[in-house]
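Each of the next two complexes has subunit A plus one more chain, namely subunit B in the first and subunit C in the second.
On to the complex of A and B.
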C-alpha cells in the first residue's frame, strides 16, 4: 500500500511539475506558427526525458551518489568546473524565465507590470526555499500544478483533427521559415529535456533515502509521470494550433499566450491560464534554484539538504539566496521575458551534451551501478536525441539570431 | 585564402543581418490585428479583466504602429501603398478606440468597433495575401 501511495504521489508530482514557462511558451509558439507539425519534438523530448529521469533515480538509488558527486569523482574537478560553469549559466537564464513567468501571471491578473513583481516574487521563492522542506517543494507545489490539466481539456474541447495531430508526431520538413521551425524545435527539446530535472530528481532520491528496492517504483514514476507531462505539453500545442492559427496570431508575447483558452473555456479559460502559469512557474523556479544550489554544494563537497535548517548548511542556503536575488535583476531591468524564455530553452538544448554525455559515462560504469548499469536501449535513445538536439541547436540558433 | 574567407563571412553576415522581410512584417501586422480581435472578443464575453484587455489592445496598437512605419518606409514591391496604409491606419484607429471604450465601460460601442475590426482584418488578410503572391 505504501508503495502504491509513493507511485501515485510520484506521478502526481511529475505531472503537476512538468509544465513551466519554457514548455508552455515553446509549445504555444509552435502550435500558432506550424499547427501540429512540431508535435514530434515534444514526443522526442519526452521520450528522452523518461529515460534520463529513470536513469537519474536508478543512479542515486544504487550508487547512493548524486550525478554531480559522480561527475566530480569520475572526471575530476577541472572537468567538473567546466560543466558547472556551463550548466549554471543556462540554469540561471532558465530561472530568470521562470521568475518572469510568475511575474507575468500576476501582471495579467492585476495589470501591474512584471518588473514591479520582480522583488516580491523573488522574495516569495526565496522564503519558500528558506522555510520549506524538500517534500513541500516536491509535492506541495506540484499538486497545485495539477491545474495545468486544463490545457488538455481546452485542446479536447476545441475538437482537433486527431488524424492530423497523429501525423504531426512524425518529423516533417517545413516548406518555408526553416530557421524558425528549427529554432522552435530546438527550444521544445530544450524545454522537455531540462537537465535541472535530473539534478533535482536524483538529489530528491538521496533526500528520500532511496535504495535498490525503489528501482521498479522509479521506473513507473519516470514512465507514467513524464508521459502524462508530455501529453500536457501536447495539449498546449494543440490548443494553440486551434485557437491562434485560424486568427493568424504568431505568438510573441505572454499577453498573446494568455488568450490560449479563452475560446475553448470561455468562462474560466483566462483565469485558469493565469493560475496554471503561476503554479507551474513557481514550481519550476523552486526546482531550478534548488538544482543550482545542489550543483554547487555537491560539487564543492558542502553540506546540502533542503530538509535541513539553513544554519546547518549555510553555504547551500547562501548559494540559492544569491542566485535568486541575482535572477531578479534582469526582471527589474524590464527584459523581454518571452525572448529570454525562448533563448534559454534553445541554449539548454545546445548545452545538453555537456550535461548528458558525462552522465551517460557514469550510467555505464560498473563501479557505480554494478548489474544495474545502462543497456543499449537507454544509451541509444538518449544519445540520438541529444545529438539531434545539439545539431539542430548549432544550425538554428545562429540563423535565428542573424535573422532577427 | 584567408582574405577570401573573411570576405565571404562578411558578405554572408551583411546580407543575413537584415531587418525582417516585408512578408514577415505583413504577417506580423495580421497577427497583432488578430490578437486585438481575440482579446476584444473575450472582453465582450466578460471573460477577461478590463486592465488586461486594455493593456493588450494598447500593446497591439503600439506594435502595429511600429510595423506600419517600417512597412511604409520600405514597402513590399508591387504593393498598393495607399491601400496598405489605409487598412493599417483604420485597424490601428479601431484598436485605440476599443482600448478607450474599455476605460469608458462602453460595451455596445466596443462591440461595434470589434465587428468593424473583424471586417478590416479580413480585408487586410486578402490584401496582404495578394501582395505576398506577387512577391
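On to the complex of A and C.
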C-alpha cells in the first residue's frame, strides 16, 4: 500500500513538475507558427527525459550517490568546475525565466505591473525554501501543479483534427522559415530535457532514502509521469495551433499565450491559465534553485538536505539564498521574459552534452551500479537525442541571433 | 588502492558521519631511499583551485584572506586518521576540530543565524 502511494505521488510530482514557463512558451510558439508540425520535438524530448529520469533514480537508489557526487569523483575537480560553471549559468537563466513566469501570472491576476513583482516573488520562493521541507516542496507544489491538466481540456475542446496531429509526431522538413523552425525545435528539446529535473530527482531519491527495492517503482514513475507531462505539453501546442494559427497570431507575449485557454474556455480560461502558470512556474523555480544548491553542496562535499534547518547546512542555504536574490535583478531591470525563456531553453539544449555525456559514463560504470548499469537501449536513445539537440542548437542559435 | 580513482575527490565524513568536504589533494613524502608514502589529505583552501590554474588559486587565496574565517590554507589531515576507504572516506576525527568546517560555521554564525527562522548551528 505504501508503495502504491509512493507511485501515485511520484507520478503526481512528475506531471506537476513537467510543465513550466519554458515548455508552455515553446509549445505555444510552435503551435502558433507551425501548427502541429513540431509535435515530434515534444515526443523526442519526452522520450529522452523518460530514460534520463529513470537513470537518475536508479543511480541514486543503487549507488546512494547523486549524479553530481559521481561526476566529481570520477572526473575530478577541474572537469567538475567547468561543468559547474556551465550548468549554473544555464540554470540561473532558467530560474530567471521561471520567476518571470510567476510574476507575469500575478500581473495578469492583479493588474499590477510585472517588475513590481520581482522582489515579492523572489522572496516568496526563497521563503518556501527556507522554511519548507523536501516533501512539502515535492508534494505541495506538484499537487497544485495538477491544475495544468486544463491545457489538455482546452486542446480537446477546440476539436483538433487528430489525424493531422498524428502526422506532426513525425519530423517534417519546413518549407520556409527554416531558422525559426530549428530554433523552436531546439527550445522545445531544451524545455523537455531539463537537466535540473535530473539533479532534483536524484537528490530527492537520496532525501527519501531509496534503495534497490525502488528500481521498479522508479521505472513506473519515470515512464508514466513523464509521458503524462509530455501529453500536457502537446496539449499546449495543439491548443495554440487551433487558437492562434487560423488568426495568424505570432505569440510574443505572455498575455497572448493566455488566449489559447480563453478561446477554449471563455469563462474560466483566463483564471485557469494564470493559476496553471503560477503553480507550474513556482514548482520549477523551487526545483531549479534547489538543483543549483545541490550542485554546489554535493560537488564540494558540504552538508546538504532540504529537510534540515538552514543553519545545519549553512553553505547550502547560503547558496540558494544568493542565487534567488540575484535572479530578481534581471527582472527589476525589465528584461523581456518571453525572450529570456526562449533563449534559456535553447541554451539548455546547447549545453546538454556537458550535463549528459559524463552522466552516461557514470551510468555504465560497474563500480557505481554493478549489475544495474545501463543497457544498449538506454545508452543509444539518450546519446541520439542529445546529439540531435546539440547539432540543431549549434546551427539554429546563431541563425536566430542574426535573424532576430 | 588506486589513489586517483579510489581516494582523490571522494567525500570525507568524520567519526559522527558529518560530511567535511572532499579529498582535494594528497601530500606525499618522498624519502631519499625509502618508498614514497602518502602523509596527508588536503581539504579546501587553495588546493582544488591549484588543480585548475595557479592564477585562480592566487585569486582564491586573496579572496579568502579578505573575507570569511580568513584562512586560505588547506586543512591537512594525517593519513593515519583514515579509518575506511569505501564509497566515502571515513576519518577518525571530529570535523569541527579540524578546521574543515570553518567556512560552514562562519556562514552559519554571520549570515544564516541572523536571518529569522535560520535556527542555530550549535543546537543538537
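Methods note: the second predicted complex is superposed on the first by the 404 of 404 C-alpha atoms of A that agree within 3 Å, B and C clash if a C-alpha of one lies under 4 Å from a C-alpha of the other, contacts with A are read in each partner's own complex, and residues count from 1 in each chain.
Heads up, the rule we're going with is that a contact is a pair of C-beta atoms (placed from the backbone, for glycine too) under 8 Å apart; a residue touches a chain by one contact, two chains touch by 3 or more.
All of these numbers come straight from a predicted model, not from anything done at the bench.
Participant: When the two structures are superposed on subunit A, do subunit B and subunit C clash or fit side by side?
Facilitator: They fit side by side.
Participant: Kindly classify A:259 by the partners it touches after superposition: subunit B alone (first), subunit C alone (second), both, or neither?
Facilitator: It touches subunit B, and subunit C stays clear.
Participant: Pick one for A:69: touches subunit B only (first), subunit C only (second), both, or neither.
Facilitator: A:69 contacts subunit C only, not subunit B.
Participant: I want to verify one number. Taking the Cα centroids, what angle sits at subunit A between subunit B and subunit C, in steps of 10 degrees?
Facilitator: The angle comes out at 130 degrees.
Participant: After superposition on the shared chain, which partner residues are touched by A:250: those of subunit B (first), subunit C (second), both, or neither?
Facilitator: first
Participant: Does subunit B (first) or subunit C (second) touch A:213, or do both, or does neither?
Facilitator: neither
Participant: Between subunit B and subunit C, whom does A:109 touch in the aligned arrangement: first, second, both, or neither?
Facilitator: First partner only, subunit B.
Participant: Least CA distance subunit B-subunit C after superposition, rounded to whole Å?
Facilitator: 32
Participant: Which residues would you name on subunit A as touching subunit B in one complex and subunit C in the other?
Facilitator: No residue sits in both footprints.
Participant: Which stretch or stretches of subunit A touch subunit B in the complex?
Facilitator: Touching subunit B: residues 108-111, 243-244, 247-250, 252-253, 255-256, 258-259, 262-263, 266-270, 402-404 of subunit A.
Participant: What does subunit B use to touch subunit A in their complex?
Facilitator: Spelled out, the residues of subunit B in touch with subunit A are 13, 16-20, 27-28, 30-31, 33-35, 37-39, 41-42, 45, 47-49, 51-52, 55-56, 59, 125.
Participant: Considering the complex alone, what residue numbers of subunit A touch subunit C?
Facilitator: Those residues of subunit A that touch subunit C are 63-65, 69, 72-73, 76-78, 80-81, 130-131, 300-303, 309-312, 314-315, 317-318, 321.
Participant: Which of the residues in subunit C come into contact with subunit A in the complex?
Facilitator: 4, 8-12, 18-22, 24, 48, 51-52, 87, 103-105, 107-108, 111-113, 115, 117-121, 123
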